[in-house]
Amino acid sequence: MVELVRRKRIDILIDAPLCEWLAETAAGVGISHYTLASLAAGMGHGGAWRDEDVSGAVAKRMFIAITGEAKVEALIAALEAHLGEYGLVVTIADVDVVRGDRF
Amino acid sequence: MVELVRRKRIDILIDAPLCEWLAETAAGVGISHYTLASLAAGMGHGGAWRDEDVSGAVAKRMFIAITGEAKVEALIAALEAHLGEYGLVVTIADVDVVRGDRF
Amino acid sequence: MVELVRRKRIDILIDAPLCEWLAETAAGVGISHYTLASLAAGMGHGGAWRDEDVSGAVAKRMFIAITGEAKVEALIAALEAHLGEYGLVVTIADVDVVRGDRF
Amino acid sequence: MAEDIDLSTIDTLLSPVILFFILGALAAAARSDLSVPEPIAKGMSLYLMAAIGLKGGVQVSAAGMSSDMVGAAIAGMALSFGLPFVAFALLRSWGGLDRMNSGAVAAHYGSVSIVTFVTASEALTRSGAEPAGYMVAVLALMETPAILTGLLLAQNGLKQKSGAPGGHIWREVFLNGSVVLLLGAFVVGLVIGKDKYAAISPVFTTGFSGILCLFLLDMGLVAVRRLRESRGMTLRLASLGIALPLINGSLGLGAALLLGLHAGTAAAFAMLAASASYIAVPAAMRMALPKADPGIYLSMSLAVTFPFNIIVGIPLFAALASRFAG
Amino acid sequence: MAEDIDLSTIDTLLSPVILFFILGALAAAARSDLSVPEPIAKGMSLYLMAAIGLKGGVQVSAAGMSSDMVGAAIAGMALSFGLPFVAFALLRSWGGLDRMNSGAVAAHYGSVSIVTFVTASEALTRSGAEPAGYMVAVLALMETPAILTGLLLAQNGLKQKSGAPGGHIWREVFLNGSVVLLLGAFVVGLVIGKDKYAAISPVFTTGFSGILCLFLLDMGLVAVRRLRESRGMTLRLASLGIALPLINGSLGLGAALLLGLHAGTAAAFAMLAASASYIAVPAAMRMALPKADPGIYLSMSLAVTFPFNIIVGIPLFAALASRFAG
Amino acid sequence: MAEDIDLSTIDTLLSPVILFFILGALAAAARSDLSVPEPIAKGMSLYLMAAIGLKGGVQVSAAGMSSDMVGAAIAGMALSFGLPFVAFALLRSWGGLDRMNSGAVAAHYGSVSIVTFVTASEALTRSGAEPAGYMVAVLALMETPAILTGLLLAQNGLKQKSGAPGGHIWREVFLNGSVVLLLGAFVVGLVIGKDKYAAISPVFTTGFSGILCLFLLDMGLVAVRRLRESRGMTLRLASLGIALPLINGSLGLGAALLLGLHAGTAAAFAMLAASASYIAVPAAMRMALPKADPGIYLSMSLAVTFPFNIIVGIPLFAALASRFAG
């Protein structure tokens, strides 16, 4: 049987213009692999947004990384100062992965 | 260290034409913040669908909300009558969030 | 109250050209319902990719299926031989679902 | 003296527009991975709606309002209200569908398909029998009444379940994007008239046939893929997908003859009646009758009736109109 | 002898381009679900930028460099640097915004809106007062200086918080896609000249007005939807969204008159000053001043100032330029 | 008497099409955020394929079938089968790649790049040496044979691992969207002929160069971005990315001269041989040889060979064909 290993999945909802910065911040704490999912629309404290807005400034992406607990904590610490001002929505969940040594 | 708080993440797969109705139903039970993710294709009891279909009628979205357990239960109760007829696929998972007071 | 049932959600990150093959493999172990989510970009051992690449060869999708534990294990076993060469990223998480008999 | 429409079937079939439709259909049938990105398809359909709206408005601004126009508008709305009754009866008896699905399908056949109208206009114009500009307004007016009838039939009277997406349905029905764009562009065309239209006619007139080719390529792909993915389609339903456009088209042609419309306009009117919606109505039905099976109504209108109208319906009703209209 | 621009307000309002804008605005106001897919809108905006860049370059390659050009470029950059100070003062005092948001909004008003410029050019050209080709380069040069001023004002001097997305901001500012495409296409136009442009002019010149109609349809939809979703907008801010283009446009017109630009060019110059960015600057502000509220700056520039300029600003400054410019 | 192609290198480089490619490449090199939405790029590539397919078919319908056509088709398929052997040998020896990756890359170089062909046609037509219409069919025929050879070489004979996506590969190979659209549009063009083409020629002929400009802008962006993200690229592989088009192009030109093709057609034939696929073949390889590194084959074909062909290959082989072809 294929072995399953417990890891963390961190999801960060972020403005599209800030994705590159987030990727660099994540790489800085050792999270160099990630995926960006496409989002269509949303509603938050700052009001509604849609991907259709002509100004790319309000489009958002979901940054997803599967990694170990320590790195997740390091990333959160690195983001701490910006959580509020960038309006990041961060969730962390337990996942089982195959080929656990990769993450 | 940044404090992590346990919350629920509810994912609801729904037809694009019904998203607005779902958002209103969710707001009715106090879930006013959400994100809609883009989906490309799928297969279910009702057959296959693709985002490319010319009639927007069969496109789907994933409604995602992070919130407390009580509101999740309230939302499910509010949707109960429609779960079957709208073919909603609903999943609920545990997540840890930062800035837990926001959710 | 609506009854919640514990199921597994399996997410498989896969190259767009291989989606059809994956769907057939999943159907082979009894997972015939699934959803494909749209992804925008990512970074892994094989370097960066973006959905904007003119050659569809490097676009990726997230295959999502909610199902029982046994079928998840069967799927992983069926994929085992290909996990490495297709560069699949597989995660499995616990979710609670409504209408549990459907999954 | 009957106006002559030079539109032999074989000639229509060999027009580039139809050939691209057939190319798309064959590619999908052979399971080729050819596909048109959805935003491009939607962009082209917005373009086509803006273009026919504009051209209709410009034409009416030149030709002036006519009494024909009022007659056609009233007849069109009456047909849109009435045709679903015929369809409903046949779907329940011969088709074997339940009340809910019959009502949902019937709404599609009372309403209209914009692309069928556009393709018919293009074919008629090419054969020297351009339909009157006001037909665009008639098209827009015919989109919605059928939805009312279909809902009445499906639910045995209109009711509103609490918590269901009620208000949204009526907004979807009356302020549907395609209705708004068609009528809006029609009004823009009316206001600007021929002279100001000249500056934008390279995009909206000169480019029209070419874009329509690419759009129908996609429609061919989509129609056949839909057919392949159909569940719940039966041979009986497929036969209704062919019978209904013939019946509705004949009723439409009859009404046009009674109104004394000229041949090109009468043929276009018949095609409106014959066509079945696959954009505005499915979205409304998905909201209003979520238990109705989209596999059935989309497959019938998009995968059976639409190709039938493009390939058989247009030349047929053009020939009939040419023979009988004055 | 003053050049005469035949551009009465009512005539502008009845141009197809403006009517499509109004159609989009009305559709959104009525909450229709009409929408243009985002990739199509982005594709059209790339097309429009390539087209005006090319046309500007080709025109300069025919007309040759002129000293006007240098004057206009310097004046444009000076205005872009300077106008945010005026805006900032008004936003803080009358508008009641804090330093951060005032700086962010001010940057938008110092910078320029490409679509406003394109629409103004189209209207001026139609009225026989085509702006000089080099104005495209002036437009590109005016995009960025205001961002500097806005940041200085917002932060009370430039500082860099550690860990903030610093390098990216400056790349976004100077190598912003729209600046690069505009200037790049301008250079391509300069290099190829009139003869080689002929082969591509059917797409970039003949198709221009038609595509602009469809693009402004989308802008109308987007502007009104943005207005409806605005939080943090006040009546005072809305009034500034109208006052600022009037003030800035007048300053721009004054500068143009001092430089002795001819009427069409002067009107275009005034419109650059009057317009507010809603593409390049918002993205930069989102990075540089994440705490500033995008709801405020996008609503003011996109939902108030842009429609005001399209409907009132263009005919107004065209008339003023026609009266005062030589 | 040799036909004269008036296509000096510098003149080609200064054509708008090439300048837009260079603009895109420079923008990406400077790390500008300029980008063309993927659906727009895909839409433009569908348009370009439909347009060259149609034009080829219309031309053949006017010129009639010729024996040249059969010769070129057979020679083209033979080259597509054979060229990967040369590439494979060089990739293994000089390039230092393993068997798997060498086979995957070799398949790309035996196959063809549609955009290179389109750009070559445009340049040749502009210089008065339009290639024969049947070359579109030759292009389509050359897409697939190389995939077979590449797989044979990579796997040391064809085998099918159980559970691997076998059937899909062959569908992808033979019913690949681009092959189907090219050949389909070619047949449509053959059927409709010159007269019926007139109605759609504003879109497919008049608009061609302009759309190609925008498409090559995107190709420049994509090629350079791909180059920057390349891992596994070595200087030796890059040098092969330049050597292979020279070798393959010369072999192609030789074959064309033996067949006695006229200069424009011979140059186009040489460019087919010289070009490397970056759409159809990568997708097939991703399925058939998932362990082969897409970073290598995409970078070589898209980021090295494609720009080389556009900037050096086309004028070079045009000049050679002009000198040697009759």
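The chains carry the letters A, B, C, D, E and F, assigned in the order they are written, with residues numbered from 1 in each.
Rule of thumb we're sticking to: a residue touches a chain if its C-beta (ideal position, glycine included) is under 8 Å from a C-beta of that chain, and two chains touch if they have at least 3 such contacts.
Bear in mind the structure is a predicted one, so any value in this text is a computation, not a measurement.
The minimum number of touch steps separating chain C from chain D is 2. Touching chain D and chain F at once are the following chains: E. For the touching copies chain B and chain C, the fraction of interface residue numbers used by both falls below half; the interface is of the different-residue type. Centre-to-centre separation of chain A and chain D, using mean CA positions: 45 Å.
Computed centre separation for the pair chain C/chain F is 34 angstrom, with centres defined by C-alpha atoms.
Each chain gets a centre from the mean of its Cα atoms; for chain A and chain C, those two points are 19 Å apart.
Each of residues 37-38, 51, 93-94 in chain A touches at least two other chains.
Residues of chain D in contact with two or more other chains: 35-40, 42-43, 172, 202, 207.
Chain-to-chain contact here is organised irregularly, matching neither a line nor a ring nor a star, and falling short of all pairs touching.
Chains that are in contact with each other form these pairs: A-B, A-C, A-E, B-C, B-D, C-F, D-E, D-F, E-F. Interface residues of chain D, counted against chain F in their complex, comprise 14-16, 19-20, 23, 26-27, 30-40, 43, 126, 202, 206-207, 209-211, 213-214, 217. The touching residues of chain F, counted against chain D in their complex, run 37-40, 42-43, 46-47, 50, 54, 171-172, 175-177, 180-181, 184-185, 187-188, 191-192, 196-197, 199-204, 207.
Within the complex, the chain B residues that touch chain D are 15, 17-18, 20-21, 25, 46-48, 50-58, 78, 81-82, 85-87. Residues of chain D touching chain B in their complex: 35-38, 41-42, 45, 161, 163-165, 168, 172, 218-219, 222, 225-226, 229-231, 278-279, 282-283, 285-287, 290-291, 293-295, 298, 302. Residues of chain B touching chain A in their complex: 1-2, 4, 7, 9, 19, 23, 32-38, 61, 66, 93-99, 102.
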